[in-house]
């Protein structure tokens, strides 16, 4: 079942997860729905091709902490997101989600400009009604919308405008979970909330 | 700091938590924002008077699992809810939150009728705009609304209609976390989703 | 199954365990066979009347950490020790074990003098051969030996001289796990190894 | 710090650890001093070149469970053992230790015959006094003794006769932690104690 690609991926995820867990400043960026960190195989087609953290990452004793183990198939939402985005840019294999507020959005837009990263938004007000109800069906629309709003390219960071009953989140994607964890921790250390 | 009431409460919470963790059927009722179980001191006034689970309860390996330890002050939202509700009925000292869907709402209404329990709803469409923005300020309004909709009495189970950016949850309250865990597990075992 | 005594005991054990886990200096005093902390019911007769830590306490990331949950029946050896010792002094309901070396023994003898505590030793060279083989049978002999060597009184701290295949440990007993944890942490903070 | 060899090793250790944790029958083979599973880099020279489980593996709720994370440098004793044994056979990079009793020793000798494995013993009665006291210094002697008793070859399984204050353990070595976990679990499933 496991092959050399899988072993290496598992090792990289462990190191990336320790980076997140060691970054106390990331705690305030973890949303109520928790954070997941995912890593797709180079030819990922389905959820079981994507490593993720079982139970996601929560704040415990003021620090980010994984609820369970790193394993293939542990994510549904973020796994679909990365699989869909790779149809536009196959180099993207990893992603992490975190909180979203108007204040952070403004800050992230600036941060992306500084970094030369593409920033985008999924405005869910444009989402067709029949898609919105079906969680799985909505992912292709959402990713297409993020790419469309970014002028046809896969964005580095994007967020969703809130929908009824859904906490809005930001997403950062990259080639590798260590890169993604490093970039997410840099954001967490540099960003200071509205207060 | 700790007194005999606190030690006994801690012991009861540990037993209640093990009941939840041992109830695999409760897993599907844990919302994206996770479940918390809270227990207020008999004269609770502030958040630090309320025991809760640090990091809340998440699903790991298909089962409910506490992210961290049981400790005073670990909950903000559910702690405020119980403190507010106790102004109406001081016997209520414990509560648990879980998922909410139209299908479950209908089922819960029936379940409450069978049990002779008061069921209520917080319709957030009636929430004043200036309150909605301030998380802390909205709790008195929400509890007042749940009580009003229940004809002036503290309800046993109630739920919120979804607001933008907020996952709707159901809440069950009682005198003791063991009672509350027992009643929540009974619901989890009896309820079968819409499928 | 659980009663008010049990709930209160569970709460006290949780607080005592957090004291141990919060005492980094206790780490070097945890033996290879790990540390257990036990707390017996006021009328404890059997192992299931004694709270202990499932999997005991180990050093993880340089700090003491409980392997599993606090539960009745989780200890065999330390539970029997406290049950046996209570036949001599029923006020003794809690105990903790930790490492034993010649250097620590000398230090503990001094510490006990300062505190006015009875210090004792179980010299296993005097243990009858037929008892030594049977773990359960050897406890009455060991406790009797510790009491005999202490002049007929229950000691506060005692240790075993090493036997073949057995790591020697020190034991500290008291009325309550919080008292015992407090006294063990004080030893850990004051004692500096031979180096 | 981490390289591709390290990531792949970490992944293999995670899978091997899950095999051990999933093997309930291995629980009774975990000694009081706990079990460690180690994996050395292909050119391991020092302890930090060897992956191991921080806090080792303990029995919790009747099952083997890692106390902490898999990390380089987490083992002292088993790491030295594998580094020393690799001087005789560099293909050996992984090892696990487990309980040792006369009954199991007899069974293991048979099991090794069936498998065509070399079985050996470290008779610590022959250990020079000046070495015995120094934990680090005794490893070259112990491994040399195990190899000598095996007729000059690196054994597959070996055990130590008990010394005063030391719980005797058995050790199984191999090329990879997955191989080693698989072989240890097979032993655990086939062996039935003396009872």
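Letters A, B, C and D name the chains as they come in the text, with residue numbers starting at 1 for each one.
FYI, contacts are C-beta pairs under 8 Å (C-beta built on N, C-alpha and C of every residue); 3 or more make two chains touch, one makes a residue touch a chain.
Keep in mind that this is a model prediction, so the values were computed, not measured.
Taking each chain's centre as the mean of its C-alpha atoms, the one that lies farthest from the centre of chain B is D. With centres defined as mean CA coordinates, chain C is found 48 Å away from chain A.
Look at where the CA atoms of chain C average out and do the same for chain D: the two points lie 29 Å apart. In chain B, 69 are the positions where the chain touches two or more neighbouring chains simultaneously.
Taken as a contact graph, with one node per protein chain and an edge wherever two chains touch, the assembly forms a single closed ring in which every chain touches exactly two others. Residues 32-34, 54-56, 58-61, 65, 67-69, 162-168 of chain D are the ones touching chain C in the complex.
Those residues of chain B that touch chain C in the complex are listed here as 2, 4, 6-12, 14-15, 18, 69-70.
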